[in-house]
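Every chain is named by a letter (A, B, C and D) in the order it is written, and numbering of its residues begins at 1.
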Amino acid sequence: MAINKFVRDMAEALAGVKDGSIVLLGGFGAVGQPNQLLDGLIEHGAKDLTVAVNNAGSGRVGLARLMELKRVRKLICTFPRSRDPVVFETLYKAGEIELEIVPQGTLAQRIQAAGYGMGAFYTATSVGTPIARGKEHREFDGREMVLEYALKADLALIEAWQADRWGNLTYKDAGRNFNPIMAQAAELTVVQTQHVVELGDLNPEHVITPGIFVDRVLHVPYGDPPIF
Amino acid sequence: MAINKFVRDMAEALAGVKDGSIVLLGGFGAVGQPNQLLDGLIEHGAKDLTVAVNNAGSGRVGLARLMELKRVRKLICTFPRSRDPVVFETLYKAGEIELEIVPQGTLAQRIQAAGYGMGAFYTATSVGTPIARGKEHREFDGREMVLEYALKADLALIEAWQADRWGNLTYKDAGRNFNPIMAQAAELTVVQTQHVVELGDLNPEHVITPGIFVDRVLHVPYGDPPIF
Amino acid sequence: MDAATEFKPWSRDTMASLVADDIPEGWYVNLGIGIPTMVANHVPLDREVIFHSENGILGMGPAPPEAEINPWLINAGKQYITLRKGGSYVHHADSFGMIRGGHLDLCCLGAFEVADNGDIANWATSENDTAPAVGGAMDLAAGAKRLWVIMEHMTKDGRSKMVKKCDYPLTAPRAVKRVYTNFGIFDVTPRGFEVRSIVPGMSRETLQARTDAPLYFAE
Amino acid sequence: MDAATEFKPWSRDTMASLVADDIPEGWYVNLGIGIPTMVANHVPLDREVIFHSENGILGMGPAPPEAEINPWLINAGKQYITLRKGGSYVHHADSFGMIRGGHLDLCCLGAFEVADNGDIANWATSENDTAPAVGGAMDLAAGAKRLWVIMEHMTKDGRSKMVKKCDYPLTAPRAVKRVYTNFGIFDVTPRGFEVRSIVPGMSRETLQARTDAPLYFAE
């Protein structure tokens, strides 16, 4: 009866995910993306989703496929261009997907603010640009800033390098990126991990995401990201 | 001519520290406190200081000694009680030191907000208490919060376990505490480190404070904190 | 006051063990200074409850034998502790992120007063307290998913600490979900304090007589 | 347009090397996509400049030979890179904390337009851009201690990119400190663009004729 956050299969990993969820999707470029969990989400069938992610998906797989299936109502994203963004661009031009463009640092900070329980914060990023239009402004020490709101989510999909049964995680190289802060900001955090380690194998100084932020872990030893 | 943040002595470590500085002081309890840098600051002579720190000093050494010498104008602190807080209590009762009580999480968040360039943020902590009195309130998702301002500093004094010449740092056990976030929030961050390592000896996944947040490092191999 | 008092109030140790019994395996829990700290002694290590300490420790274990003290490893109460397998260290912003972001399942605190709307006062005994020490109490009270209070039912001079309205400055409003005292266990509900259990031998009338706020009993 | 043009505009590689020459050892530097990326090629490894990449990398090294590519190690431009001795990884909030908290000594970006008050436009070519991609540009432009722009002096259809007022949507107002073009190097000062150097063979008049904003020359 000890704590065991490992789940046996994808169905268990994504059980209970609801239509209309706000979903945080880890990864930057092709590195640290929870590709298999994304495939699982496609299989699962949840729709009317709001997805917050750095890029808008490539080709016709993963996020692009999810959008193509009209399951994404809104994308919150910093850079809706990518290697092959055809699906997003088609949907967007047709008015079939909503887009909220957020500066990358503001996106990261809004996610962390949610994980830390802040309601909102003031930042200088985007002041004087169309992105700040209509937002509340205030001056701090002579510097104009805008108010940005915490971005709370229902679900975070994360990719890790190592995980133990308490849900402690490490990442590999540039695979860290958004994953640790997204794990903190969602009601349900589901992780796919390359490697499973015994409790106690991770040095307590080297754990990047403590298990308190993790709900379910699926072992997906898919190997290295593709080289382009 | 390579980067070398190590300084030879205390005089070099604290050169240029000005009267009137806002100083962040790392440590929690007796662990992770930059005791020798504090002694150096006493020696240095800077006065009219504002010191932000978790506890208000014990006995007549370190911070307590600095206060006894009337060099601290104001203390920003969460818990002005400690094992032997006689110096602070005497000064405070005599009206000779100003006190700003901040909840511990709000203090940590105000420091990190400064390091991250936020002007201010909203938090639920302290709502409905005397500490929130007079502060701006606002509701987020039905929850009342107060506005708290970033706490920027002129100087941070930090204790680390290992350091390399780029200023990359690790900490030991509970010695981490406020040190990493304070390193991010000051104009000048000075570190005392127990151990010196070669560049490249620290695993890039295990660096806790990247050198970008560190200005000067002094090697102070003082050993373990005292056991009480 | 009633004449025949045949009950024996629960000891602090019993109160701590009653709390421990109510903590399910897998919860993340922060224990405040005082009686709350004793709760950990009543959770066997093979029932995995993960204890958090404000100074950046998740997975805190029991106090070490004196010969094995690690001077670098203290908890928020400045006591020497151990770290369990699976434990980890974080910095203060991440540690309070766990608290303030609602990631702790439970926080147990002591208190001076608890009101029947859930208000808690546990940090200052007067608006004019010269140098009140708040520490992490306000973060914990406002941030944890559940706040349970463990305290004596009455002050040393015989006043009830379960009140209709707190006299002392608040730590957080409407935060307490349950109170464990040496007289009983109480849920804070929309209508006020509901009695979950009473110390053996104490009558409902006696309990109410020693309690400032009105009590409700389930049938 | 002047008749006799005996100058040869600097190549992109020369522009990058001019920027590299101006970066002191020990600076923390973020290089944007495009010409800025080429700057790193002109900083010898024994002159320690520490390159930052938005996706959590500090101490970025040169591209690896194809056989030694680490598929887990890319920069913000999604190119394969290496990590230098002394490098480290952080998560996105810490990485942008470095940017937004003013910890980078320098950011070099490309631009569509730079105005002589330091306004920069480099992310969208129209208010009605259907899906503009901002990435980390606004964070970098607003956050770094210094912002230098590296760009062609003129557009392909012959319009000056050094303007009195940006037509395109801004990335950040009053942010640019210096501009490197294929015609010269310019400081942004309170009175406007001050010319630091001109490509050999180009006259002041020719440079001004090809520049929308007024230029100032030190004596």
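In the analysis below, a contact is a pair of C-beta atoms (placed from the backbone, for glycine too) under 8 Å apart; a residue touches a chain by one contact, two chains touch by 3 or more.
None of the values given here were measured: they were computed from a predicted structure.
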Set of chains adjacent to subunit A and to subunit B: C, D
Result of counting contacting C-beta pairs for A-D and A-C, higher pair: A-D
Separation of mean Cα positions, subunit D and subunit C [Å, integer]: 56
Centre-to-centre distance between subunit D and subunit B (centres being mean Cα positions), rounded to whole Å: 35
Geometric centre distance via CA averages, subunit D-subunit A, whole Å: 29
Multi-partner residues of subunit C (each touching 2 or more other chains): 83, 89-90, 93, 96, 99-100, 143
Contacts with two or more other chains, residues of subunit B listed in rising order: 109, 112, 116-118, 123-124, 171-173, 205, 208
Category of the chain touch graph - line, ring, star, complete, other: other
Interchain pairs in contact, sorted by label: A-B, A-C, A-D, B-C, B-D
Subunit C contact footprint on subunit A (complex, rising order): 1-3, 112, 114-118, 164-166, 168, 184-185, 199-200, 202, 204-205, 207, 210-213
Subunit C-touching residues of subunit B, taken from the complex the two chains share: 28-31, 56, 78-81, 83, 88-89, 92-93, 99, 101-106, 108-109, 111-112, 123-131, 171-181, 208, 224-228
Residues on subunit C engaged by subunit B in the complex (per definition of touch): 54-57, 69-76, 78, 80, 83, 89-93, 95-96, 99-100, 119, 124, 127, 130-139, 142-143, 169-173
Interfacial residue positions of subunit A with respect to subunit B in the complex: 109, 113, 116-124, 138, 140-141, 143, 145, 149-150, 170-173, 203, 205-206, 208
Residue ranges of subunit D in contact with subunit B within the complex: 25-26, 28, 46-48, 50, 52, 58-59, 83, 85-90, 93, 96-98, 100-104, 143
